[in-house]
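You will see two complexes here that share chain A, one where it goes with chain B and one where it goes with chain C.
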Partner chain A sequence: MRHHLTLRIGPATFRIGSAWPAPVAQLASLYAAYPQPSDAVADFTVRLQPTSLVRRFIRPSIFITGDHGLADAAPMSLSHGLLAAEMGMNLQMALGWRRHLLLHASSVEKDGRVLVMTGESGSGKSTLAALLGERGWRFMGDEFALLDLDSGAILPFPRLVSLKNRAIDVVAGQVGEGRMGPLLAATAKGDIRHMVPRHDAVARMGQGAMPALLLFPRFGHAADMRAVGQAEIFMRLTQASTNYVALGEPAFTALTRFVRDVPARAIDFPTGEDAIAMVERLWEEMA
Partner chain B sequence: MSAALLVRALRDPASVAGLDASGWNGLIAAARAERLIGTLAFRLDGVTVPPALTPILSDARLDAAREARQALWEADRAAQALGDLGVRVVLLKGTAYAAAGLKAGQGRFIGDLDILVPVEAMAAVEQALIAAGWEWVKDDPYDDAYYRQWMHELPPMIHATRDRMIDVHHTILPLTARQTPDAAAMIADAVPVDDGLFVLSPEDRVVHAVAHMLADGDLQGGLRNLWDIHHLLADTDPDILASRAARHGLTPHVRQAQRLAAAFYGPGARLTLWDRLIRARLLARDGWGRETRKALVFAFFLRSHWIRMPPLMLARHLWTKWRKGHRPQ
Partner chain C sequence: MTATKLYRRDGADAVTACALDDIVLLYHPRSGQTHMVISPVPEILDQLVDGGPASVAQIHDRLARSFDLGPADEAMDEIAAHLDALVALGLVRPA
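Then we have the complex of A and B:
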C-alpha cells in the first residue's frame, strides 16, 4: 500500500498499510520511541483501505481489516484514522495472537510484580493504569495483558493509552500536552485522545513479571471493596480472553494457576484519586 | 504478485530461501488471505526460515491442529445424532480429509461440517439434527425456499451451544446446474472411516472437489481447492477417475482441474486460453493480501450465478435479492 509503517509493540510486530498518509504519519509520530524496523517480517498485516473506490477521495471512509478482519466492521471517518489504526492492531491481536493467553485487562508493575486490572470498557481500567504509570509504577498496557502459558508471568503490550471522554482531561492535566495525541471527537465510543506511555514503559516492553494482585475496578460508584470467589474470577477471565478457547488445554492450565495463585478484589470508586488510594492500600496489604 | 509466491512456496518449499522481509510479508499475507497458512506451515516444516517466521508458522500449525480436532468432534456429534436413522452419512471436504488422514487435510483450514446423505433421508436427517440441538440460521422465507427448491443442500444450520455450522447435502451441485452428478452412486461407493461415518471413494473425492471449484462458485478460495485436488489426484486410478467423471457429467471439468493442478503445484501443463483466465483469477492477490484484478474477479462472480441456474430463473433470483437490499461485494 502507498503509505505504510512497521511497528513493534511488546512481543508483536505489525505492518500497517493505509490508503491515506495521515493515519501513518500520526502513528509514526506518536510511536516515535518504539522500534519501527523497516525490514522486519511482521506478525500481522493491518490494512486501512477505502470502503469503496469513491470513498478514497470523497468523504473518505476507512474499512479496517488485515490478516484477520470482521466482514461487518463499521466504516470509520478518515478524521478518526489514528483510532482506526489502533483498532486494526487490536483486531489482529484479539483474533490472531496465540503465543500467550490474551486477557482484556490493563497492567502495571512495581518492584518486579504486576497488578492486573480487568473490566468492561468504561470500568476505568485504562485510566487507572495511565495514572499509576505516572506515579511510580511501570505502565505495561491498557488493553491486553499477555499471560505466559509456561511461566505464568504477565508480559507487557504497552500500546498508546486510549483515553475516553472525562478521562482525557484528568490524564492530560497530569502528563502534559507533549505526550497527548490529537482529539478524536465524537467517535463511536465518544471523544478519544491517545497518550504516549512514559519512556520506561517502552524501553522495558520486553520484560514481563509475575502477577501479584488482580482487581476488578468499577468507576462511578460509591467506594466499596468486595472479595470475589475463584469460580467467578475464572469465568470472568475466560470471558475477558479472546483466545482462551483457541489455545485449548494449556490456556486452562495457565488460567487455573493464575486464579489459584493471585489474590483478587473488586473495587468501586467515585474518582480516580479515590481509586489510586484504594489500589495503593490494597497493594500494601495483599500483594 | 504474492499469490504466485504462495503457489511457488507450496510447490517447492526450498524456493523460500531467497525471500527478503518484504517477500515473506507478502507470502504470509497471501497465505492467510487464501486460508492456506496452515498448509504452508506444514510444507515449510524442516525448511530453514528467518527466526521471526518460526513462531508465525508454529501458531499456524497449532490453529490447524485445533481445526482438525474441532471438525472431527463435530463429525462425531453428527454421527451420534444420526446414528439411529440407519442411513449412510458421508463426510465431505475438509472434515473428510482429516477423518481419512489424507495429505490434503494436513494443516487445512476447516470451516463448516459438510455431509452428504441420501435425498430420501433428508427429512429424517433434518428432524434428527434439530432434536440434537442444531437450529436454522436463515430466517428469511425466500432464502429458505431458495435452498429447498433449487440447491443441493438444506439451508445451513448451526448448533445452539457449540456454535458450529452443518451443511447437509443430498447431491454435490445445485439442482438447477447444467450437470447432474449421480449422488446415489457416490453414496453407494463411499468408504467407511471411524464412528460409522463414510468418506467418498478416492475418485469421487476428486470429482466432488472439482465440481465445487469449477462447476459452482466464483473461485474464492480456489488456490486451496486446487491444492486439495492436487493431493486427491495422487490417490486415484486414472481409468476409474475418467469413468467416474463421465458418469457424473464432469469430464471436461476434471480434465481442466488436472491441467491446472499440474500447472500450479505439479510438473507443469499446457494450458488453454480458458485455463489461463482461471489462472489469472486464482492469482489475483497482492503483497498486502488484497484481492486485485477487480473486473476479472467480478466477472467470475457473475459467472458463478450464470452456471448455477438457467437465465430466467437467475433474473428472478437476482431481482428478489436486489429488492431485499443485497448487493455484490
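Then we have the complex of A and C:
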C-alpha cells in the first residue's frame, strides 16, 4: 500500500498499510518511542483501504482489513483513521495471536508483580491502568494481558491507551498535552483520545512478571468490594479471552493455575481517585 | 422387556479435571470443550474410570459404597439422567 509503517508492541509486530497518509503519520508520531523495524517480518498486517475508489477522495470511508477480518466491520470516516488503525491491530491480536493466552484486561506492575484488571468496556480498567502508570506503577497494557502458558507470567502489550469520554480530561490533566493524541470526536464509542504510555512502559515492554492480584473494577457505583468465587472468576476470564478455545488444553492448565494462585476482588468506585486508594490498599493487604 | 442400557468411558474421552470451589472443571481434549459440573457428576464419572461397561444399577451400587444415596429408585433415575446428559456431551458412550 502507498503508506505504511512496521511497529512492534510487546511481542507482536504489525505492518500497517493505508491508502491515506494521515493515519500512518499519526501512528508514527504517537509510536515514535516504539521499535519500528522496517525490515522485520510482521506477525500481522493491517490495511486501511477505501470502501470504494471514489471514497478515497470524497467523504473518505475506511474499511479495516488484514490477515484476519470481520465481515460486518462498519466503514469509518477518515478523520477516525487513527482509531481504525488501533482497532485493526486489536482485531488481529484478538483473532490471530496464539503464543499466549490473551485476556481482555489491563495490567500494571510494581516490585516485580502484576496487577491484572478485567471488565467490560466502560468498567474503568483502561483509565485505572493509565492513572496507576503515572503513580509509581509500570503500565503494561490497557487492552490485552498476555498470559504465558508455561511460566504463568503476564507479558506486556503496552499499546497506546484508548481513553473515552470523561476519562479523557481526567488523564490528560495529569500527563500533559505532549503525550496525548488528537481528539477523535463522536466515534461509535463516543469521544476518544489516545495517550502515549510513559517511557519505562515502552522500554521494558519485553519484560513480563508474575500476577499477584486480579481485580474486576466497575466505575460509577458507590464504593464497594466483594470476594469473587474461583468458578465465577474462571468463567469470566474464559469470556474475557479471545483465544482460550483455540489454544486447547495448555490454556485450560494455565488459566486454572492463574485462578487458583492469584487472589481476586471485585471493586466498585465512584471516581478514579477512589479507585486508586482502593487498589493501593488492596495491594498492600493481598498481593 | 427392554435390554439394560450400559455405559462406558472411552480412553480417548479422558478429561483433565480441576476443582474450583464446589465446581469441577473438565477439559475434554477430543472436543476442545471445557465443562463446568457439580456433584454428583464427577463422582458418576469416577465410577466408569476403568473403561468397562456398567449399568445404572451397577453405578448406583458402586456409589452407594461411599455415599448415602437415599431411596434407590430416585437415585437411579437421577444417575440415569446424568449419564444420558454425559452421553450427549460426548464424555460417556453407550456400551
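Just so we're on the same page, the second predicted complex is superposed on the first by the 287 of 287 C-alpha atoms of A that agree within 3 Å, B and C clash if a C-alpha of one lies under 4 Å from a C-alpha of the other, contacts with A are read in each partner's own complex, and residues count from 1 in each chain.
As a convention for this text, contacts are C-beta pairs under 8 Å (C-beta built on N, C-alpha and C of every residue); 3 or more make two chains touch, one makes a residue touch a chain.
From a predicted model like this one, the values you see are computed outputs, not experimental measurements.
In the three-chain model built by superposing on chain A, chain B fits alongside chain C with no clash.
Once the two complexes are laid on top of each other via chain A, the angle at chain A between chain B and chain C, using C-alpha centres, comes to 60°, given in steps of 10. Once chain A of one complex is fitted onto chain A of the other, the partner contacts of A:R98 are limited to chain B, with no touch recorded for chain C.
Residue contacts after overlaying the shared chain place A:M1 against chain B, while chain C stays out of touching range. Once the two complexes are laid over each other on the shared chain, residue contacts for A:T45 go to chain B alone; chain C is not touched.
Residue contacts after overlaying the shared chain place A:A222 against neither chain B nor chain C.
Chain A is touched at more residues by one of its partners, and among chain B and chain C that partner is B.
Contacts of A:T13 after superposition on the shared chain: chain B is touched, whereas chain C is not.
In the superposition on chain A, contact is made by A:G248 with both chain B and chain C.
Of all Cα pairs linking chain B with chain C in the superposition, the shortest spans 6 Å. On chain A, the surface patch touched by chain B in one complex and by chain C in the other comprises residues 248. Against chain A, the residues of chain B that register as touching in their complex are 20-22, 24-25, 28-29, 32-33, 50, 52-53, 55-56, 59, 62-63, 66, 288-290.
Contact residues on chain C toward chain A in their complex (touch as defined above): 16, 18, 20-23, 25, 27, 29, 32, 34, 36.
Chain A contributes residues 229-231, 233-235, 238, 245, 248-249, 252-253, 256, 259-260 to its touches with chain C in the complex. Every residue of chain A that touches chain B in the complex is listed here, in rising order: 1, 13, 15, 17, 39-43, 45, 47, 49, 66-68, 96, 98-99, 246-248.
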